[in-house]
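Consider the two complexes below, in which chain A is the common component and chain B and chain C are the respective partners.
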Partner chain A sequence: MITEELVDLSRLQFAVTALYHFLFVPLTIGLAVMLVVMELTYVITNRPVYKDMVRFWGKLFGINFALGVTTGITMEFQFGTNWAYYSHYVGDIFGAPLAIEGLMAFFLESTFIGLFFFGWDRLNKWQHFMVTVLMALGSNLSALWILIANGWMQNPVGSEFSFITMRMEMTDFWAVVFNPVAQAKFVHTVSAGYVTASLFVLGISSYYLLKGRDLEFARRSFRVAAGFGFASVLSVIVLGDESGYTVGEAQQTKMAAIEAMWETEPAPASFTVFAIPNEAEMRNDYALHIPYVMGLIGTRSLTKELPGIKEIKAKNHERILSGIHAVTALEALRKNRDDAAALALFEQHKADLGFGLLLKKYTVDVSQATPAMIQQAVDDTIPDVTPLFWSFRIMVALGFAFLALFSLALFYSIKGNFIEKKWLLRWALWFIPLPWVAAELGWVVAEYGRQPWTIYGVLPTHLSVSNLSVGNVYASLAGFVIFYTVLLVIEVYLMQKYARLGPASLGTGRYFGETRHGETAAVKPAHA
Partner chain B sequence: MKLDLPDCLRHRLVRDIALTLVIKLVVIIGLYQAFFADHGVPVDADTLADHISNPQQSTRTAPGAPHDY
Partner chain C sequence: MDYETLKLVWWLLVGALLVGFAIMDGHDMGVGTLLPFVAKTDLERRVLLNTVAPHWEGNQVWFVTAGGAIFAAWPLVYATAFSGFYWAMMAALWALFFRPVGFTYRSKVHNPTWRSAWDWGLFIGGAVPPVIFGVAFGNLLLGVPFSFNDYLMSTYTGSFWDLLNPFSLLVGVVSLAMITTQGANYLMMRTEGDIYRRVRNASALASVVTLAGFAAAGVWVATAIPGYLITSAIDANALPDPLAKTVVVQAGAWMANYERWPLTIAVPALAFAGLLASLLFSRMKQAGLAFWSSSVASAGIIGTAGVSLFPFIMPSSTDPRSSLTVYDAVSSHFTLGLMLAATVIFLPLIVVYTSWCYKVMWGKVTTEFVAANDKSVY
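Showing the complex of A and B:
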């Protein structure tokens, strides 16, 4: 029997693996592109310090890639085991971008990572630069195809349900690829990765500057990170706004929940900076608003309204009533494919099939659903407001804090006196973990805000879950948590070890500590 | 007898990463064998239709899975 406990556990397991995986991903995406910037500077200027920068930051990139690379694979296992009904229902569409990602992006990335590390003595500097470009391209293309798959879950375009195969079937591949939700998510997510990597480089360079070591190396790394980070954080904010616009179009429910917007406000709606959402009474306490902002973000217009939660619920009520006809017609068609009356009824209501399926949580025969059951299903269509409201605001606040940091870092880089600004260096150092917090909260907003659907408006979560034993899911969840935590501990250990060692780990003889205490004894220069 | 390592494996970081990858693969294969192998859920149009029609009575997981529900 599929219980709520089983559904929640399967969701938790996927969420845990995705959140762990996304601790590694943003740094890989961002550092790969930063390595391109550093290596381009090297091939143009021919200054050895830039080559050292590529090799040292590339080393940290390699540790992150090696530790993180397989954490995503277990999610693909789970589609088959924990989400078998989901996989059948939407696998024809969802599987395509995942397969392309493996063949096109992951293979490209993995192949050129090998050449990146072992090609220094075998390739000339332009060839090696091209290797780095292709490695960065691979990691970013990987993000693109994953986010095309994820974008389709949020906004299922280019597809149609077949009652014969009981699958969603692709009708327009390019609509799936150019899904505006997917494209907005892609640019927002990779920009967030660039910010993560920039802050990582900025923070570690600040550490060297605060310690008064490896000054030339740290100064140039700081400048690259400040410039790249400033451009990236502007992109995150602008493209996050674009993401808000597409969310507004495709998923007004998520937007209303993020904003705790209970009532439809006159256009243009205000943005709620602070409030304590009262979900029971559907109102906000102590609300502080900025006029017009939400309407402009969500609709790009001064006259279009954004629907509030109460209005959305009223519409969803109608769609559930229509969906009841779609479900009963589907069940009749499964018994007799030639039932013309059922086919006509199904064609008339099939757009609301997913809404009718929401009732299956409460009754086997949806045509006998009581008003109380229908109201429960209507209430289910709105995700919990409070977690979304706060996750979004903390993420946005962090984004603006990064903007302030990178603005100052760039300003003082241009002035040339950032080494004297110890407060700025300490700020950069202590901010290193925060882009990960922002990125994880972004995923919470995107995926928790999609509930109660796995595919928005098409397939409810409770129908997507495999009929597994609760004990098995508990055991595999515990296995994942232990295993991933071990990986994370190794990652942090290796990162801090090589970050503390610094460019001396390259064994060039030019850096801090290489002639003292035998630090380089562990790293043989000839093979670095 | 001293093992003659290839050049690339003489680097400490490469050895660390190689060891991590091997351990990781072993653990993943172990997890797969323990929790996933033989626990696949065969789904076709009919089983999905049955599942949607009555999710509470849908067929339990996999051939060979040691469950009795």
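Showing the complex of A and C:
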């Protein structure tokens, strides 16, 4: 029996495990690429300090990667364990990018990560560099395929429903791959990962500089992070996720909710900097607007109109009424495939099937839905405005704060006197956790903003869950929380232990806190 | 390629991925299972860990990819099995948690309690998943209590404890022993001295247990476990709809394929031959040949389950017509074709670069090596 409690718990478990997984993903994606940059510098310049940089930041990369893998398997399992109907209904499309991710990307990344760590003495430096490149390529391709799958949930292209198999089926693979929502998400998410990794390296390097230790190592790391981070943060902001927001209704609904835009505004719409959204009366209290900006962000044009919430709801009302016919006809066809009248009715309304299914939350027999139920279903089609409104604004504000930090870090890197700018180093150090906050909020906007659907317009969330008892999901959720809390404590302990230890953890004898011993004396820096 | 052929090819491919998993991730799990028993000191345990250190991560992707392929090629199986076997899946998942963190974190702290705790974690991560997957296979042969409604929404009516019946536990033991044999044979290739002597004995013991358990399970299936039979006409090219067929439970039905296609006897024969060869070669100190023999045995054992069940993948004990088969639990013609293309392109590449990585890292791992590279190895 599918109850609202079961649906909420399943969502909570997925949200908790996905947000937790994403604590590790951005650093993996970004650090892998930074390691490539550092190692390229090493193979070109031959300076051992760059090799040490690859190895030391690689160590921290490894500590992070372990939990990324651990928590990633959870995500794959969970589609089957807790979202069984989802898996059946869209597996034909959604499963493919996940499987290709395994074959094309995850295998590559995971196979070469072993050689990255353990192959130093068995490969020449160019070979090792290629290994690092392939590892970074794997982790970024992995993000691509996962976001293609996720993008399809937001904007389900290249597929159609079959009443015989009772599911969505793929009709155009390239449409799924080149889904504009997926592509925009990929660029945005991967760039956000680069920013996360840059700030991580920048902040920890600043810590060494503030302590006055490992100066050469920290200075070079700081410079790489400042340059890479500046480019990445520009990419995050300019190629933001919202560039995909003109496409597909899910994104328009999300945009309206993010903006608390109740009425359709004449183009170009203004951007609401601050407001207290009043959801009951569908208006904003105390709103502060900047003219034109929203229209520009959302449509990249001055003339295209963005629909407001009230207009979207009116349209969804029509679609739900049409969807009722689709559901009734589908149920007749499931009993008798040759029912010609039902088939004709179904063909006429099948585009609105998903909207009809929204009523399943309130009644088994959709044809008997009351006007009150229909109104509830219409109201459901707009996600809660307040959490989206604020999540989005905090994320954007953080993005601009990162831009400021990286601009200054790059400026003083070029000038060469950043070591004296203690305020900048402190700023970088204290900012280390914030890219994670921005990334998590980004996911809240993207996925909470997709509600009440798992696949926008196709499959409502409340139909997607596995038919489990509530007790089972409570227990597994508790298990995840306990496991994940313990693992996080251990990870953070090791991460700060090794970050504090610094490059001395490599045992080369060249770094702060180490005593020189015979073994390392032979390996003198070539250009010290 | 027509739909029927693709459906059969995907049955073979899922089988191949599971065999790949058993051979590759299997030997890592075998190392984890053996860890507390064949390695006494911290240094010895680190030797074991470092034989798989550069490879286990890549090998684990066989598991992830097999899961992804089942999702893409057999979505109904993925949905029904994972949600039905909810607690078994959670237990396997939570056991797998111990591996990445265990491998990576264990030697990063010099504290005997910390290290020994992770060693047991690695043991759990190595031993528990094979047992669970074996138990799951056992239950497939017995039939699983689920049914579909008109929307093809599955309802599972069993409990976790029902899965732990004597037959399925026996299959779980076979699975664990098979993986342990694989791990021991791998370790014979990569270790020397005391560890080598211990794993050589472990290999013999594990292959004998696998052999005996596999034979016992075979007799059990042949004599006491009724199989399933499709009684309606099969249109292998039809659009998949599990509810369109009729199925009966019939004694001896799991042996029917061996009578119908006598050549399929080769599959269980391969399992027996592989295990005997593994035993023989490990006694002859031919570690490489022993490893390939136990790999063949893994293929034979998994293949035997597949051939016996064919065309079933997941028979339903409560509503036999809801049973999932290679013909009606599959993705669309288009997706099966697409996924075949992806597999044909990438699987050979994976085999090539994985082999290269083993080639680069090949050789005996010794206690001296670990001690000398204290800060850079596991």
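Heads up, the rule we're going with is that the second predicted complex is superposed on the first by the 505 of 528 C-alpha atoms of A that agree within 3 Å, B and C clash if a C-alpha of one lies under 4 Å from a C-alpha of the other, contacts with A are read in each partner's own complex, and residues count from 1 in each chain.
In the analysis below, contacts are C-beta pairs under 8 Å (C-beta built on N, C-alpha and C of every residue); 3 or more make two chains touch, one makes a residue touch a chain.
Here the structure is a predicted model, which is why all the values come from computation and not from measurement.
Undergrad: When the two structures are laid over each other on chain A, do chain B and chain C clash or fit?
TA: Overlaying the two structures gives a clash between chain B and chain C.
Undergrad: Now for A:Arg223: first (chain B), second (chain C), both, or neither, which partner does it touch?
TA: In the superposition, A:Arg223 touches no partner, neither chain B nor chain C.
Undergrad: In the superposed arrangement, which partner chain does A:Val364 touch: chain B (first), chain C (second), both, or neither?
TA: Only chain B; A:Val364 stays clear of chain C.
Undergrad: I'd like to know which partner A:His88 touches here: chain B for first, chain C for second, both or neither.
TA: both
Undergrad: Could you look at A:Ile63 and tell me whether it touches chain B, chain C, both or neither (first, second, both, neither)?
TA: In the superposition, A:Ile63 contacts both chain B and chain C.
Undergrad: Have a look at where A:His462 lands relative to chain B and chain C in the superposition and call it first, second, both or neither.
TA: first
Undergrad: On the A-aligned overlay, A:Lys185 touches which partner chain: chain B = first, chain C = second, or both, or neither?
TA: Once the two structures are laid over each other on A, A:Lys185 reaches no partner at all.
Undergrad: Mind working out whether A:Phe483 is in touch with chain B, chain C, both or neither, as first, second, both or neither?
TA: both
Undergrad: One more residue to check, A:His128. First (chain B), second (chain C), both or neither?
TA: neither
Undergrad: Counting residues of chain A in contact, which comes out ahead: chain B or chain C?
TA: C
Undergrad: Give the one stretch of chain C, out of 96-104, 132-140, 222-230 or 348-356, that collides with chain B after superposing.
TA: Stretch clashing with the third chain: 96-104.
Undergrad: Residues on chain A in contact with chain B in one complex and with chain C in the other?
TA: 62-63, 66-67, 70, 73-74, 77, 80-81, 84-85, 87-88, 117-118, 164-167, 331, 334, 466-468, 472, 476, 479, 483, 487, 490, 494, 498, 505
Undergrad: If you look only at chain C, which of its residues touch chain A in the complex?
TA: Residues 50, 53-58, 60-61, 64-65, 67-69, 71-73, 75-76, 78-83, 86-87, 89-90, 93-94, 96-97, 99-101, 103-105, 108-109, 150-156, 239-241, 331-332, 334-335, 338-339, 342-343, 346-347, 350, 353-354, 357, 360-361, 374-377 of chain C touch chain A in their complex.
Undergrad: Flag every residue of chain A that touches chain B in the complex, lowest number first.
TA: 1-2, 59, 62-63, 66-67, 70, 73-74, 77, 80-81, 84-85, 87-89, 117-118, 164-167, 327, 330-331, 334, 357, 360-361, 364, 462-463, 466-469, 472, 475-476, 479-480, 483, 487, 490, 494, 498, 505, 522-524, 527-528
Undergrad: In the complex of these two chains, what residues of chain A are touching chain C?
TA: Contacts found on chain A: 55, 62-63, 65-67, 69-70, 72-74, 76-77, 79-82, 84-88, 91-96, 98-104, 106-108, 110-115, 117-120, 122-123, 162, 164-167, 169-171, 173, 331, 334-335, 466-468, 472, 476, 479, 483, 487, 490-491, 494, 497-498, 505-507.
Undergrad: If we count contacts the way the header does, which residues on chain B are in touch with chain A in the complex?
TA: That would be residues 7-8, 10-14, 16-17, 20-21, 24-25, 27-28, 31-32, 34-36, 39-45, 48-49, 51-61, 67, 69 of chain B.
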